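After this come two complexes, each holding chain A, first together with chain B and then together with chain C.
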Partner chain A sequence: MAKEELVAKVVVSEKPDDGILRLVADFIKQRGCYRAEYVIDPDILGGIVIRIGDKVYDGSVRSRLETVRQSL
Partner chain B sequence: MFDFMADTMMLSAFSDMLDRMGITWSSILLHLIALVILTVGLYLLLFKPVKKMIRERQEKVKKIEKENADLNEEVKELKNSSEKVLSEAKKEAAAMHESAVKVANQKANDILSEAKAKAKALIDRTETEMDEERKKLQADVEKQIADVSLLVAEKVIGRDISKEDNRRLIEASIKEWSEKENG
Partner chain C sequence: MIDLNEIGRELKEKISRVSDHSQERSTGKIVYSGDGIIKVAGLPGVQYNELLEVRGGYQALALNLEHDSVGAVLFSGEDKVRFGDYVYSTGKTVQMQVGEELLGRVVDPLGAALDGLGEIATGKTRPVEFPAPAIMDRGKVNKPLQTGILAIDSMIPIGRGQRELIIGDRQTGKTAIAVDTILNQKGENVICIYVSIGQKASSLAKTVNTLRTGGAMEYTCVVCSTADDAVPMQYIAPYSGCALAEYFMYQGKDVLIVYDDLSKHAVAYRAMSLLLKRPAGREAYPGDVFYLHSRLLERAAKLSEAKGGGSITALPIVETLAGDISAYIPTNVISITDGQIYLESELFNSGVRPAVNVGLSVSRVGGSAQRKAIRQISGQLRINLAQYRELAIFMQFGSDLDNETQKTLSRGAKLTDTLKQRQYLNYTVKEMIVLLVVSQSDLIDDIPAKKVTEFNEGLLDYLRINQSDLLGAIAPDTAVTDELREKILAAAKEFIDLTLGDEEENHV
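For the complex of A and B:
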């Protein structure tokens, strides 16, 4: 698959502002991805989830709470 | 001499008296002979058989007495023997009773020990099960507390997280991933 065709899937709880969009664009670019597809999902409660190919970066409040639940 | 004359005179007088009574010397002699014959006849015909009969009776009595004594001795021996047998039987019965009591006591002790062991095992098992159940229950309660706490946290965070908080959270996450991957 060519680098230009790789699309990052970004999940946030609310519409991101320009600062966040830039930050995400830089982040995915460093990982060889030049396009992002945003999904707004309030269920993640906050934070962000980025999927680039098979790699998933999960910084959502939901996943952190789940980690806390597991540790409890 | 004088004595002889006196004896002769007395004899003469006695003879005169016998004559007057009509008794002669020959009749006296005949009577004496008859008496001797009677005596010998009585001895032979009556006294001897009676004596023999008495002797036989005495022997018979002696024999019966001896048999009686033998029987008494035998009875005595039998009595002693039976007493001995009875005594031995009593001893044997006492020994058997004692043995039976001992066996019964041993059996009772065994049953008691077994029951105690079973009861202890049951108590131990019950305590273990109770302990496991308590731990399980405690874990369930802890899990439920954690679930409820997290549910409450989710509600609170979902309601209270501000736009700025969310932004800082996203920035922190991206920074963390970058640092981790860049070394």
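For the complex of A and C:
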């Protein structure tokens, strides 16, 4: 059976522009993934969250604020 | 005045120190949830005992790493997590908040305040699971830890760095001994930690209140997990308490830690293990229940001088059922600790309080730490009591007794009475020396039977008021000289004449 194709789930706070799309494509390609699905979720406040398989790369404003809150 | 610029600068500095690049974290999805247990598919690279974060901010502890899933226990949010929720690894183990600020407080097993006296933020943490001090880092137990209880300090002495089990049925005064010991550490420079594991909130409130009114909270921290807390909280509570104790020990301080009680801890661990589908062994406890307690109690130690000389003295409490000390958990903990104080309900109900069974209680290392004077005059005590008990059993067969036997019996009964002590009424070492000298002299024949406890309390009051220089002259670290013995006996004789004289007048 063919291996299921890896799809990256990308969460952004607003509609991404072409620059971001290119950056994301490069980023996921380095990690062996060639397709991305975009979800727009204003709850992350800003930044980007990329999930590839079992790995998550959280660069959202929400998680950064959370780290700041914990460190204070 | 609060300087706003100062605050602003500090905030800026702290925020700038927070790393701003996103990290790679591994994730998984919940594929099973029930009874506070979750199974997570995914989570590559997760470690045993790693803290996990469930979507929604709930924390869990990874305990079973299996072929296709990870079994974890939830600290909170048992009824909030949903099937398919994402779970993130954190790369951290459970941490306990530590610091001097915790003294005088009641906290949960993660170091958060429970007493409503304001949040605690020390900025310092220690891992809850931590390796015990190595062999070469340990020193010899050489300083006593005074419980203030005559029966214990004279015959079952506890040294700083020792692990002494308090074992007995329910309602035999196990907690009372621990609380008395904490109260007696006032001015002794010992930090106390009371860990409550799966106890009723009402009894815990009572204990905290006792400590507070006794002025013991100044140097005490209560780490608390009550019966309604999540099972994992009860499971980590003793390790958290120990992490806090280690924080002080590695600073060179002496710490006393009470685990109340380890049988409930074992029950909590059993519940967790069974729900995680680990194989059940004897009494349905999992195979590693011995290691559960041995790794905890090994962390109690006396450090060598090179390592600062600090110590953790552990008083674990184990509850037995119907006096059965050969059950699984009691035998385990007995074999781990350096001795046990065995309390019996029969003794308790017949008025011997503390209900210490002197025959079954031992202290394997405390003897070398005992104060010299106490060691000298209590040496004979255990033997005398054993002889008395033997005779007392024999006497039940009912036969005419000669005078000598009758005398031994009456002395033995009075000696037993001397060891009775009211709760919260701790004796100092000097007072103990007085009582031990008097109770083992011929004077004891003059004290009316059944009035020994009263007499002892009266005698100590009398000495404190009228003969304070005599009490002052007693040196606990040197042998009791004949001269001192005579002086003590003379003072006691004086008191006997005084009280017995009164009584005769009353009779007229």
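Everything below uses one rule, namely that the second predicted complex is superposed on the first by the 68 of 72 C-alpha atoms of A that agree within 3 Å, B and C clash if a C-alpha of one lies under 4 Å from a C-alpha of the other, contacts with A are read in each partner's own complex, and residues count from 1 in each chain.
By our rule, contacts are C-beta pairs under 8 Å (C-beta built on N, C-alpha and C of every residue); 3 or more make two chains touch, one makes a residue touch a chain.
The shown structure was predicted, so the numbers you read here are calculated from the model rather than taken from an experiment.
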Can A:Gly32 be said to touch chain B (first), chain C (second), both, or neither? neither
Is A:Tyr57 touching the first partner chain B, the second partner chain C, both, or neither of them? both
Touching A:Leu23, do we find chain B (first), chain C (second), both, or neither? first
Specify the partner with more touching residues on chain A, choosing between chain B and chain C. B
With both complexes superposed on chain A, which partner does A:Val68 reach: first (chain B), second (chain C), both or neither? both
Given the touch rule stated above, what does A:Glu14 touch, chain B (first), chain C (second), both, or neither? first
Can you list the residues of chain A that meet both chain B and chain C? 47, 57, 59, 68, 72
Touching chain B in the complex, chain A uses residues 12-14, 16-17, 19-20, 23-24, 27, 30, 42, 45-48, 57, 59, 61-62, 65, 68-69, 72
Chain B - residues contacting chain A, complex: 142-143, 146-147, 149-150, 153-154, 157-158, 161, 163, 165-167, 169-174, 176-178
Which part of chain C faces chain A closely enough to touch in the complex? 11, 14-15, 17-28, 42-44, 86, 88
Given the complex with chain C, which residues does chain A contribute to the contact? 47, 51, 54-60, 63-64, 67-68, 71-72
